[in-house]
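The structure under discussion is supplied below as structure tokens; questions concerning it will follow.
Read from first to last, the chains carry the letters A, B, C and D; within each, the first residue is number 1.
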Amino acid sequence: MNRPLIVINCKVYHEGTGGRADRIARSAQDVADESGVAMAIAPAFTDLHRISHHFNLPVFAQHLDGISPGAHTGYITAEAIRSAGAQGTLLNHSERRITLADLEAAIRAAKEHHLETIVCTNNDATSAAAAALGPGYVAVEPPELIGGKISVSEADPEIIRRSVAAVQRISAGVKVLAGAGIHSGNCVKIALDLGTDGVLLASSVVKAEDPAAVLRDLVSHL
Amino acid sequence: MNRPLIVINCKVYHEGTGGRADRIARSAQDVADESGVAMAIAPAFTDLHRISHHFNLPVFAQHLDGISPGAHTGYITAEAIRSAGAQGTLLNHSERRITLADLEAAIRAAKEHHLETIVCTNNDATSAAAAALGPGYVAVEPPELIGGKISVSEADPEIIRRSVAAVQRISAGVKVLAGAGIHSGNCVKIALDLGTDGVLLASSVVKAEDPAAVLRDLVSHL
Amino acid sequence: MNRPLIVINCKVYHEGTGGRADRIARSAQDVADESGVAMAIAPAFTDLHRISHHFNLPVFAQHLDGISPGAHTGYITAEAIRSAGAQGTLLNHSERRITLADLEAAIRAAKEHHLETIVCTNNDATSAAAAALGPGYVAVEPPELIGGKISVSEADPEIIRRSVAAVQRISAGVKVLAGAGIHSGNCVKIALDLGTDGVLLASSVVKAEDPAAVLRDLVSHL
Amino acid sequence: MNRPLIVINCKVYHEGTGGRADRIARSAQDVADESGVAMAIAPAFTDLHRISHHFNLPVFAQHLDGISPGAHTGYITAEAIRSAGAQGTLLNHSERRITLADLEAAIRAAKEHHLETIVCTNNDATSAAAAALGPGYVAVEPPELIGGKISVSEADPEIIRRSVAAVQRISAGVKVLAGAGIHSGNCVKIALDLGTDGVLLASSVVKAEDPAAVLRDLVSHL
């Protein structure tokens, strides 16, 4: 099995934007070094360059538009996030859904720029469809659990199991993450036991008083 | 093999809206009766009820929102198009792309209301992804050929072949239509020879001086 | 002062879609006849034609795309709703917001087809902006009160007063409706006393056991 | 009269993204210093922080979402662009239209963070509506001329004149820029003579072999 991956989505939480993102990045870097668990951070677009250059941690964008460079005011190109230092991107997060055609174009643009892709989905049917597009990861996140205190591992392990099976049926090369409400080492362990390669989380770390302590708990059962 | 299907999308062309849609519907009904080729029409939402009740022809909506009845001003529910007499719906047309999550929800809502689904896609990767959602049909239409005078059959037969293969790899139960620029019996024949179950077309019939003559030509090689 | 106007938005409530919309339309027609208060109904797109032709009541669409007839699968043209019998349209409802450019184009397209326009807004600043586009009506509806049991008249009379003032500052020819939670004759009376020309409402009538009784209460203080 | 303002929109042109944006910024800074004409640059989100900190030039974002910090993956908050060093933002560019409600919220969020706002519009009616929302500037840009070789000053001076008049009728405090195809000192002079306070441009500078030379020509008639 691969080394599990923990991806921290800063969203645009006050606690994870601008200089405050540094505390999250530093905690992730420290706990990754201590534990040997792979960690990545997805800060706001405006923080990508700074975080990429000041920390030794894979940095992801939160979204990407699958368009070529050109006359697209206010859009996010693979070229732009790559030149800012990103190693990958989230795509189709429940807070930033994109069309099927745009998703396919974004995965293609990411590959051309050697960017890893994590496609967020809401159930096993969309997980299968996303897998057919050949991303690196599919991250299944039941929208009703995102940001809550009960994790997908606890509330709906079956959706994880079904998504892992659905993705493997489509393509053995696509890995699966679980997301929504992940907040403890037990949540992470359940997700891995169900066949995932890691977790995608946000508020439990980003809004924590002590992000490093939460991260240490998250890796404690691995 | 199944009987081939020809689906006529009226879009919101002047020539296919309101009372003028009747001429298209009547031509399709007549040529379907004469030729034994299955035909369906997708008129504007506002014409669904009238066309469904005045013609003996399967009627499709052009789009569907995969939402439950409720507080959604200006949206299109499966319940609404079903009660207007529709037997199915186009989804994700290149002029009306929807998110992956909305597409999955729309297919689910359509099934609950016993509506057939035709998901439009732009290449073989999105065709595979759409097939993973279990619609009745995937209609592959290279956007750059839509509305033009050169058909996908002539300009890009490989995209049809690859889409048929991609869809069959995902699910044997999903049928494939070819679309974009289809205007003659030869276009239709090529599409069927490449493994599709029919075609999706619009301007060549809807904007024709004599829609019945065009339809007779379309079925002439079958 | 003009005769007040009550506009009933059926949304896509189960109770207001398909044949069930007839009960709402008949109640509105009856109470309009009894009371002399002007009433209009905005049913689903698929019901526009039927309701327009079976009832003696102004019928509005719930939304309009400000585009010309053409290759726009799944869109709603002024031509289409006009030929279905609509006399006007809601625009920019909080459940169906559109861009400023699209709103201006929609108002223009509506005028070309002699359709009345009611632009929904969320506060006095957007009411002023909407008024600058020259619609027939601006309907101010605080989104947080829509669908609730406390009306804008009770909860936030100041937003009505400020919107009336803001609209009049921009253009004396634009009338104002109040919406959100309107459910009683008292709500209507307050709205009119604050300078509006009527109300826009939905659930209190559409989901009522006896829509006619609710409508009779709504006009009881006029 | 105020000192005229020239705003350079880098869009996501290859020539204006990442390290290549530095050449544009340096040229703008040099020509602003030489000429005394005010210049500002709007680079990609990912370049905001770097350009703000390395050049002595007002930096604008290309877009802003009028939301509060929180769970909004992939969005752009006023807080984020402010902390990256931006002094303002473009809003509602023709390539990135937003709803009327979002535009009003974005202007409000920008003001709370002491950010200047430039709202792009497509004609005099939308210019008037935008002015009613109280931005710093309205930039009128006929979409069909954007990116072309013929400027709005040459092709459609009347739209500039009408927009200046429309904006002044609504609010004397809102300034007007002209945009679309601006490429020479003559274009700028015409725009100012018609009552604007400056211009918004992109390709003529960003894609130029020698951006400083183009900028010197742009200010040559002032």
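In the analysis below, a residue touches a chain if its C-beta (ideal position, glycine included) is under 8 Å from a C-beta of that chain, and two chains touch if they have at least 3 such contacts.
Worth saying up front: this structure is predicted, and the values here are computed from it rather than measured.
In this assembly, C is the chain whose CA centroid lies farthest from the centroid of chain A. Chain geometry summary: the mean Cα position of chain B and that of chain D are 43 Å apart. As a whole-number value, the distance joining the C-alpha centres of chain C and chain D reads 36 Å. Separation between the centroids of chain B and chain C, computed from CA atoms only, is 34 Å.
Residue numbers of chain A whose C-beta contacts span two or more other chains: 94. Touching chain pairs in this entry, ordered by label, are A-B, A-D, B-C, C-D. Within the complex formed with chain A, the chain D residues making contact are 9, 11-14, 17-19, 42, 44-50, 62-63, 67, 69-77, 79-81, 83-84, 90, 93-96, 146-147, 202-203. Taken in their complex, chain D has these residues touching chain C: 92, 94, 97-104, 108, 121-123, 125-126, 128-134, 166, 170.
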